[in-house]
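The chains carry the letters A, B, C and D, assigned in the order they are written, with residues numbered from 1 in each.
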């Protein structure tokens, strides 16, 4: 977001500073109002799905919905209008989220109103993704994301291994257990293996035979033990990134010197002794 | 609590030292007695809620309850009387907990006795919060609290992300699964997503369709994996606070000496002995 | 165990070396045989509890049981006889475990045979504790135990906090939910809170109301998050103990020097430079 | 695999480089094709186990199955032919997996067709182990495997302790709970203890008595707490392996230089550039 710039023109620059910026009182107020609009709008979508509430307040909810859609539409258009490269914004993560926040309602209006097709009604539920607009407000996410990105490959390997384990054990359980216990097909048995390995354990499918229970015990203990792996990966990464950048050299500004370094590792200049 | 001081007057100072202090034998004895009073009192509230026990021992429990309330009332009043700034104490965390420990019983007495209004009876259950008085005895909590406080923001971000995930996946499941499987509304589906992501897995709501089970598998593995994030945050924080820089040498300012070092590891100068 | 010494006399010393030691081929053979005896004996106790197996092989199992009891009795007596301080051994952890391994069978013989009193039969099941004899074979447990011992206080505080949370939320759920959902008393509601906070989630008790499910969601996310605390404690402790003992001083044999130390931190002698 | 060499002869060397190697474009293409073949083949086995799909597409699935078997047979034979020590390959882990991937189909053809013997069909499911061939593609697994191997003994001790705990508590629960609650034998009670300790919690077996629920609560909190142990072990190990000692200076032998250091931090001498 740091490289975004306002489009030319006084009004546009002003609007840009309010909508995209947080440095002015007006910009901060806009953020707070937007935050509340998102939270209320998402809550309304949730409430609408409860049968009793829809029966009683259906009409009011629909009107409120139209209002919020109008609001978010204005916000979206203003963003497009005030930024210098609107296409780039429209194709960015936030641009797509902003568009998805308003599109379902319009689709519902076009394709036959509120109560018609199931597909359209389902689409309208996608308005709940407005919650992703909240991510804009998260500034602390950076160091978390960095630690995750640095461990990306190790985590992928871990997930691959987990997947292979569930496939193998799901198949074994399908061979060992009867369909009556719920192991009716291999995909379903793999589903059970995932439920068990991740220690979720619904209990809708559960082994009945001795051999099945022994296998299940093995998967459980495995799942209980290997959760240590992603945890260890992320912990180690965070311990590493938590470590100081180290002393800085006065002449070349290189960092990463240990506390007792006496010469700069980059330019060889003498380092000052630590006070 | 360290800046609390007794009110003026000999008796008050004496009482203060017994009630708030732990340095004298009387103070320690008071703490032990209070500890037992809290534990027994909380146990009685629990027992009273078991139907059979209440039927048989209801009267004795009620009398014991009155006795403990009297005891805690005296304790509360003595605290108010012996401290120099009673208002500040009354508005502190422990002051409020101490008041809440006795208030419900008195409300029960005033508003129509023991067996009358449901609301009042519920309020009386709040006496169970006396358990929070135990926190007073916890001195080791400091470093835990510090580590948690230092990671506060990262944990908030993490919880926000977790909440956003559950909202999005709860809605998707509501669209995909039928109400018969338990996904009757978005809030309920979000509840299911939380139950699944945290690997609790009651099993009262469980996906039945292939698509639903695939989505559920994804949430489970996600939940199994991202638990590494808060764990990594706290681990890294604790490793960091565990890492003392160590003592510093007075003549060459080298650091990294263990607590029992007697000579500087850099210049060989004598280190001061630790008190 | 390191300070145990054989009783005087040639034969006793010889027996001691076989039973307590692992340095001679005979000592190692004894350990392997004992290991198998424990494993088979524990397996037999388990099998005896399966109704069909007991019906068919009850008599053989009983005879095998008598045989193993005789074997472990001889082992116990030989240990008492060959050690120089038998009382100390008898009162040690392993002494008590060794006694408990044989006592239940004798109690069963004395108090009316195999099929009589329920209490005695239950006692006989305690033979399963023979599994604890296996702990003797675990030599790697040291560093684990050290890390746990060092974090003992923090873990106690953590468990106290967890217990307080479950008491408070169990009571709240008892107030909010109906007995029909399974929340029939405060102790039972606390049991539910523990099941939920630890992410076990049986599902035999589950909230039905919106408020109850909201509270439950809170506990779940709390439980999902605070598992980071014991994990962080133990990780930090292990990272700390994993760190090298450091260089050793040639003149006073003190350890704990960093790699770049030039003077001993204990005696001030010059340290050799690392090659 | 690093010490494998091609058999003599031009063509064999060429084939070897494609099948076993990843250094040439052809070798990489082969790997990608093989990967897809495995994934599709495994998917087909899964789909075949779903009753409705088998009914409709049974014949096509059977033909595809024959095709994949032919393909993997050719691959297996080419591997045997192009390597210099075919026996060693055939007896290696992947050699056996490769053989197991094709054997069940041939057995099915010989012993009476596709729908006949249940045992043969079960064998055919072993083809699923083809997914283990995916491990070949994982290069990042190395550091994970190293950390796990380094903690191998501690993890074994941990698993032994976990097993001992479940045996002891399973037996106690068998003594305390009635068979009606599902605790019909000690092995089944131990199974329950594993389900509970690992926080899976199916709920098919759940304690009903107060004492049983108290014991269960204890196991849950224990399981919730000791998961910190494997996590701590692996985290500590990963932190350790993450901590490079860094480059060493050639003239003063000081360590702790980052990879991009150009001057020694102790004596200021020039460091060699990293290749």
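Heads up, the rule we're going with is that a residue touches a chain if its C-beta (ideal position, glycine included) is under 8 Å from a C-beta of that chain, and two chains touch if they have at least 3 such contacts.
Owing to the predicted nature of the structure, the values given are computational and were not obtained by experimental measurement.
*Asks:* With chain centres set to the mean of the C-alpha atoms, which chain is at the far end from subunit D?
*Replies:* B
*Asks:* Select the interface copy of A-D from among A-C, B-D or B-C: the correct pair shares over half of its contact pairs, counted by residue number.
*Replies:* The chain pair with the recurring interface is B-C.
*Asks:* Could you please state the distance in Å, as a whole number, between where the Cα atoms of subunit B are centred and where those of subunit D are centred?
*Replies:* Each chain reduced to its C-alpha mean, subunit B and subunit D end up 41 Å apart.
*Asks:* So the centre of each chain is just the mean of its C-alpha atoms; given that, what is the distance between subunit C and subunit D in Å?
*Replies:* 29
*Asks:* Indicate the residues of subunit B shared as contacts by at least two other chains.
*Replies:* If we look for residues of subunit B contacting two or more partner chains, we find 158, 187, 199-203, 223, 227, 231, 233, 235, 237, 239, 256, 266.
*Asks:* Which residues, counting only subunit D, touch subunit A once they are in their complex?
*Replies:* Going by the criterion above, the answer is residues 42, 45-47, 49-51, 122, 125, 128-129, 131-132, 134-135, 138, 140-141, 143-144, 147-148, 155, 158-159, 162, 187-188, 191, 194-195, 197-204, 223, 227, 230-231, 233-235, 237-239, 241-242, 256-258, 260-268, 270-271.
*Asks:* Spell out the part of subunit B that touches subunit A in their complex, as residue ranges.
*Replies:* It is residues 153-154, 156-158, 160-161, 164, 167-168, 171, 174-175, 184-187, 190, 196, 199-203, 206, 210, 213, 216-217, 220-221, 223-225, 227-229, 231-233, 235-237, 239-240, 252-256, 266 of subunit B that touch subunit A.
*Asks:* How about subunit A: which of its residues touch subunit C in the complex?
*Replies:* 199-203, 231, 235, 239, 260
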